[in-house]
Amino acid sequence: MPLFDKPLSELRDYRPERDEQPDFDEFWSRTLAEAAQFPLDPEFTPYDAALRLVDVHDVRFTGWGGHRIAGWLITPAGASEPLPTVVHYIGYGGGRGFPHDWLTSAVAGFATFVMDTRGQGSNGTPGDTPDPAGGQNAQTPGFMTRGVLDPDDYYYRRVFTDAVRAVDAALRHPLVDGSRLVIAGGSQGGGIATAVAGLRTGLAGALIDVPFLTGYRRATEIVETLPYYEIARYLSIHRDHEEQVFRTLSYFDGMNFAARATAPALYSVALMDTTCPPSTVFASYNHYAGPKDIKVWPYNKHEGGQTFQTREQLRWLRDIAKAG
Amino acid sequence: MPLFDKPLSELRDYRPERDEQPDFDEFWSRTLAEAAQFPLDPEFTPYDAALRLVDVHDVRFTGWGGHRIAGWLITPAGASEPLPTVVHYIGYGGGRGFPHDWLTSAVAGFATFVMDTRGQGSNGTPGDTPDPAGGQNAQTPGFMTRGVLDPDDYYYRRVFTDAVRAVDAALRHPLVDGSRLVIAGGSQGGGIATAVAGLRTGLAGALIDVPFLTGYRRATEIVETLPYYEIARYLSIHRDHEEQVFRTLSYFDGMNFAARATAPALYSVALMDTTCPPSTVFASYNHYAGPKDIKVWPYNKHEGGQTFQTREQLRWLRDIAKAG
Amino acid sequence: MPLFDKPLSELRDYRPERDEQPDFDEFWSRTLAEAAQFPLDPEFTPYDAALRLVDVHDVRFTGWGGHRIAGWLITPAGASEPLPTVVHYIGYGGGRGFPHDWLTSAVAGFATFVMDTRGQGSNGTPGDTPDPAGGQNAQTPGFMTRGVLDPDDYYYRRVFTDAVRAVDAALRHPLVDGSRLVIAGGSQGGGIATAVAGLRTGLAGALIDVPFLTGYRRATEIVETLPYYEIARYLSIHRDHEEQVFRTLSYFDGMNFAARATAPALYSVALMDTTCPPSTVFASYNHYAGPKDIKVWPYNKHEGGQTFQTREQLRWLRDIAKAG
Amino acid sequence: MPLFDKPLSELRDYRPERDEQPDFDEFWSRTLAEAAQFPLDPEFTPYDAALRLVDVHDVRFTGWGGHRIAGWLITPAGASEPLPTVVHYIGYGGGRGFPHDWLTSAVAGFATFVMDTRGQGSNGTPGDTPDPAGGQNAQTPGFMTRGVLDPDDYYYRRVFTDAVRAVDAALRHPLVDGSRLVIAGGSQGGGIATAVAGLRTGLAGALIDVPFLTGYRRATEIVETLPYYEIARYLSIHRDHEEQVFRTLSYFDGMNFAARATAPALYSVALMDTTCPPSTVFASYNHYAGPKDIKVWPYNKHEGGQTFQTREQLRWLRDIAKAG
Amino acid sequence: MPLFDKPLSELRDYRPERDEQPDFDEFWSRTLAEAAQFPLDPEFTPYDAALRLVDVHDVRFTGWGGHRIAGWLITPAGASEPLPTVVHYIGYGGGRGFPHDWLTSAVAGFATFVMDTRGQGSNGTPGDTPDPAGGQNAQTPGFMTRGVLDPDDYYYRRVFTDAVRAVDAALRHPLVDGSRLVIAGGSQGGGIATAVAGLRTGLAGALIDVPFLTGYRRATEIVETLPYYEIARYLSIHRDHEEQVFRTLSYFDGMNFAARATAPALYSVALMDTTCPPSTVFASYNHYAGPKDIKVWPYNKHEGGQTFQTREQLRWLRDIAKAG
Amino acid sequence: MPLFDKPLSELRDYRPERDEQPDFDEFWSRTLAEAAQFPLDPEFTPYDAALRLVDVHDVRFTGWGGHRIAGWLITPAGASEPLPTVVHYIGYGGGRGFPHDWLTSAVAGFATFVMDTRGQGSNGTPGDTPDPAGGQNAQTPGFMTRGVLDPDDYYYRRVFTDAVRAVDAALRHPLVDGSRLVIAGGSQGGGIATAVAGLRTGLAGALIDVPFLTGYRRATEIVETLPYYEIARYLSIHRDHEEQVFRTLSYFDGMNFAARATAPALYSVALMDTTCPPSTVFASYNHYAGPKDIKVWPYNKHEGGQTFQTREQLRWLRDIAKAG
């Protein structure tokens, strides 16, 4: 049944109870504090991308654990004044690719900062950033269960920390206008953006498309698609770890970050999305504490609004840029 | 077996005999002459794409049979001098989408002209151009067998004519530098580009990726994937039309166009491509009569080189632009 | 879940509100009037089918837009008196094939008239009738979205008109007894028969098996199978046309025709039918305004009752023939 | 690769060595002699099929082991003179269904005799004949390995015996003209027909479409489709029985029957047939010792020529009928 | 939806009405009495399994209809005192394989008796026991519909009778302690164990994992997986036999046996089991009349608890052994 | 085509040239020397497995990089003299599970040592050993490309080192007879065993079933199945790393280890194995430098001989045990 989740009328009001440990905030402030002991040390190296309308820099900065994270910074050719900026996070499996993969927001006039996702980047577009930490448990292929038995060891602890620091790294560049910095991402990128929106203040906006990494338990019960299925597959073998796994995941659930967010957000959701089911997206959206809007795509799966959503975002970004 | 076609060492020399009717050239000169009776009448309407680094025009021009064909023209913002230009043809099923779908060559500094494929555009990116002719035979769903019993009635007679005229339409715009006009496309777009390269002189170059529409008979015998499979499916029902179908297709076979081409070409091929098998691509490449080079991607299917191929093309285009 | 739709107890009473535009009747009377401007001009050409118990004629008549439609007329060998008659419409994709594909009702003693479906006939059995109109919009492969943005341009406007006129063509043959003419079809053929039952009076009966072309919106929400899925696929790309598409389809919804029908009908439905979901079949049946009966096949998918349903129909037809 | 088997040019001459035990003929004469100890006892019971152009009888006769086998006899209504006759054998899984499933040859003027396949008839059309013998070995689901460790116990020993006796049963009916009796079948039915052609003299012809049950070893090595795959699946578990299994099957290999046949035969083969690979069909055809012809369908799978092949057969049968 | 059946909270109380014919007990006492007319005649032949810690015997005994059934008896090497014992029944398709396939309970110190399932054993592990009875109806490939039109002729009448007699055969061996005999099985083996638990007294326990053969009608309505699907497939063809089929199956429904059981049972169930849906397992469990416990595996399909369940069973068996 | 690889007659002689870097031996002696700097520190902790015929110890020892590796040691209950021993390596994805998963060789009288594979153990049977090193490159999900750009960083450098040290750890236990120690494994386990056979002397034998990890390039060209496909998938994205990837893999190719082995080996191969294609297995076998034999399973895929191969191995092990 393509419309497999709750009907839209129910989704609009679907606001499930959040599973949140008492030390959630303490966990994250400790995590970011630990990371802050490593200097950010952003590098911006000019890169010849054979493109005439933009300038490109290959970026490196220090993320979690002192590990260097790769990225791109793309700016309108010859820009000299601080620009409105978009920091992009990437969907599951993808990597930063090449600068010509990230032109849309740059052509819209935004400084465009792209953060590689550690360990990923062997699907769709290549990545250049390893995750040197293998985790302290046997794991299902992929990244969802790497370190999943301990919040301190969990893969996304490192990724979300990288993502917060990516904003810091962007702000170090003189062409980035910190008062007009927007974060953006779809799927995993949307999940990361939600986390950053909950962990960091001062953002001008968040573009969150068909976000992943939220409502883990429900997701494993209503869909059997990767990447959520990595968790179910792990639990189908490690039958004695169910409680611990969901406890760990509660520190990384989009709902808990959404409830702490303040920046204006533009979400999107697809009603036939079997990868990131609409009820998990609305769970995040309905808990989102900042100003917000959501674009609903009724006949789409995880591809969501695609180029139509980009059109929406370009208009929304233009307003942000003007407002700055 | 992923490496299902001939080994690369054989492909390098694979130059099958061409199946060409004696009136091939006459057919096409007659076709283009008929089309020329309709005035081209190109319209360039400014379009607000919420993009700052480029100017965008919604394009319409008259293709085959007097039918209006949609497109985009994207140019660096504020450009005033004639520019090197790329005319893009689209892969099977796709449509012109939105301007933000076509930024790469524009950011590289090229006037970028995109031609909608009539009837298509309900897969991936939306199209805006109908094919008002339904064809004079019962057909398999799709476009491959629309009118396939008669070369005059065949779908790609209309499309290839549109494509030749798209170059003419582009040349009508003052920002297009006719001496530096390159055609480009992947898959069906590559097949169309091959046809244009064979039918039209004066081109500065052709970017032909994993081209479709070549070596029809062999394709139907070694792969069972859409869209070539539309032909096999048709023949599996219309068992008495095999000879006529392949006779019609011979007027639209990339090999026959390649043998007439003169512009420098950069091809690409993927050795595990089960959609456009490498032997059909090399059949086109090895017959190509202009200066040429080919990039071989050994571990790819029909996606080919993707962003890596774009990197190759940007460098190749930069040389073209300089040469102009 | 094989029993994926509503339970039978609910289906028996399922009578959803119909989506009907105020000008529905006007639309169809105008459509048929326009078609009537073309003379029907039926031709019946003797055909050697190597069959001894029947006489066969190759049929042509003028359908919508002046287009010639192919068919067969099969009658008991040497018949000289007007006969009870069945007019057959064909399932999606199929064509009229050969006379030996249509022997059942002929052997039951009925004049058997088969109408080709324009454009179709490249699946299962070959067809001989093109649809020369390609439609005024980019379309998904297949026929469901050809012209779907405008009721006047929609593919089934032409097909349903052909179907009404097929009855007229049959009546022109001296062996056809107009007082005992039954229409029949399964799947798309059942959808066409429903339309004819709603558009034409004077029919002696209608055999409607697992009908397609009814309850479009619900169908796209509960199944993801072709051909209904062509609509969903179209909407997944043309995200801005949802309203217009369903408005167009409302002029072609079996429920609206069923509500106008008067002839006795024998329906069939299969409870595990994922192609034409049982709730859409019951939506048509429960709105059917004539005398009616329905045969329920609990363990079948879209194949329905097959040879068992044929047995039911032969008995039902025998009663019709006697009643005549 | 759709054209997965040998090329047609090689197939035309493909005549592999036959694997035949020295007692092949003795085995079969003993088998038929044992069966002959049970009286044939054919019963022809009038059956109301609601069909006017034909008369129908429900048939029972004694096959192998004294078991009663069901069938149909369908004759032109009111016929009184002996008729040319077709005895039909059925494809794997199917059953005799209802009389209206077997009208083609009857409408062509032939007495039409249909033999149920014991145990089968739970796929497509229902059967009414059990196989009371379960076999003396553990078996793979299906019929291919029932009794496969011993030629005397093998399932097809019973079926082929039934099939020879079906001809005898048909001959007992006064409307059957023994000098014009043709056997016919597709797939399994073609394999059975080949066996009967090799075991019985006096036949006027054999229609053998895409025959199954020939070239077992090669079939299990080049395709992985049911029903040949039942054998491979058996051997994948019963790894110690390979020699015995193929020894048993050699008594039932179409090649060995073909080499003994004398009646004129019309074969068909499909070059993309992954169920009954073309090389196995040609192996049978090229060994066939009677007058013969073969119709080659290049773009078809196991469906073969379908309605086109029926057209060929109707013409061929008309010649047979005239010749009688 | 992976959690496709009722939620666990409902399953805990799910106790559907049983479909039981009035002569259920009479049927089974008559069946077992008939079987008892054949002497059991157990044979235990020493077998060299190349294993040092256990002694192995190849077992044969007389099951239903005088047919000989194969098995294994595995005992700790050199044991001389009666031992606690496990009688194993096998999952659908599997056979007794080799002794080294059955070491777990033997290493736990139990005499281990394995019963082959007649006719099966051509999937996973090979079997050595034919089912000489082919049944009195056309059947779907597999065993579920062999003889399904008549309880007396049904396949599982023979299997369940074999299974009761397997316990008798085990008891004939001097190393088997009849006061500590446990039956065990998963899937089909669990269904057989349930039947034996309902048909035979004096058992010390029953290990019933993800049992098959219970709640047939619901199973065919909510899953479409083999082997339950064999029944649905049969009914999809033999449309006129629905009532008779479910009447026959009612004599073989696990619920009816569970309601008669008295031995302590350890069940397991997997909440995502699409082969033996959890509601059918709980239907059996909740009707089970003896002392009972159930282990629930929330993230598993039909594999259930696998090695974790074995761990549970080893502990449970240790308690049984001690209690003896 | 099930027999998709070379025919058996060619496989028997297939001995492809090995791709071996000049410093292969130096690489491995350096690797093992580095590992040796960490004390082995084996721990054997008694474990209650609820099994009476065997004693069980939970094992930990130090593998590569000082990481602790888990395992089991299972010995006949109460054994006091040194025993012939089997060290087991595990197939891809699996973990050590529970002791009752490893009873076969123990019941054959062998001390049975099982080594967990670091990071794995979330498929089939659970593992308890993490791989704390995540690798220095973006990777495809799974383990095949973790660290694949550098032999020093590659995942299997750590695993093969663990495996050599597992033998050392086993030898530390007083019940292990070092003169009769056999290594064993199937698939990945067979690949690891091949590596150990090439890296370590003094082994009494090697059981190598359907080995993985050999002939990487050919494997990626003729099959598209996991886990070899992880490599092809990586190269399909990281198109610029082909040379480096295959250079790294050459240090881990079973052929290169086989050519250095001296212990007697019993291989197995399955001719329809699409996971570890038979040509790659024979490439290893034909290069194997010690005494050797191979069991060929003609109708099997990657499951190979399963319980039949175990039977072969038990006999082979009995000879080894006697020989000791």
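Labels A, B, C, D, E and F are assigned to the chains in the order they are written; within every chain, residues are numbered from 1.
Following the convention adopted for this analysis, a contact is a pair of C-beta atoms (placed from the backbone, for glycine too) under 8 Å apart; a residue touches a chain by one contact, two chains touch by 3 or more.
Keep in mind the model is a prediction, meaning the values are calculated, not measured.
Separation of chain A from chain E in touch steps, taking the shortest path, is 1. The chains touching chain A as well as chain C are B, E.
A straight line joining the Cα centres of chain B and chain C is 39 Å long. The distance from the centre of chain B to the centre of chain F, each centre being the mean of the chain's C-alpha atoms, comes to 51 Å. Shown for chain B are the residues that touch two or more other chains, namely 125-126, 239, 308. Chain pairs that touch one another: A-B, A-C, A-E, A-F, B-C, B-D, B-F, C-D, C-E, D-E, D-F, E-F. The part of chain C that touches chain A in the complex is made up of residues 4, 220-224, 232, 235-236, 239-240, 242. Those residues of chain E that touch chain D in the complex are listed here as 93, 95, 116, 119-143, 145-146, 233-234, 237-239. Those residues of chain D lying in contact with chain C across their complex are 49-54, 76, 97-98, 100-101, 103-104, 106-109, 125-126, 306-308, 310-311, 314-315, 317-318.
The part of chain A that touches chain C in the complex is made up of residues 1-3, 297-301, 303, 305, 308.
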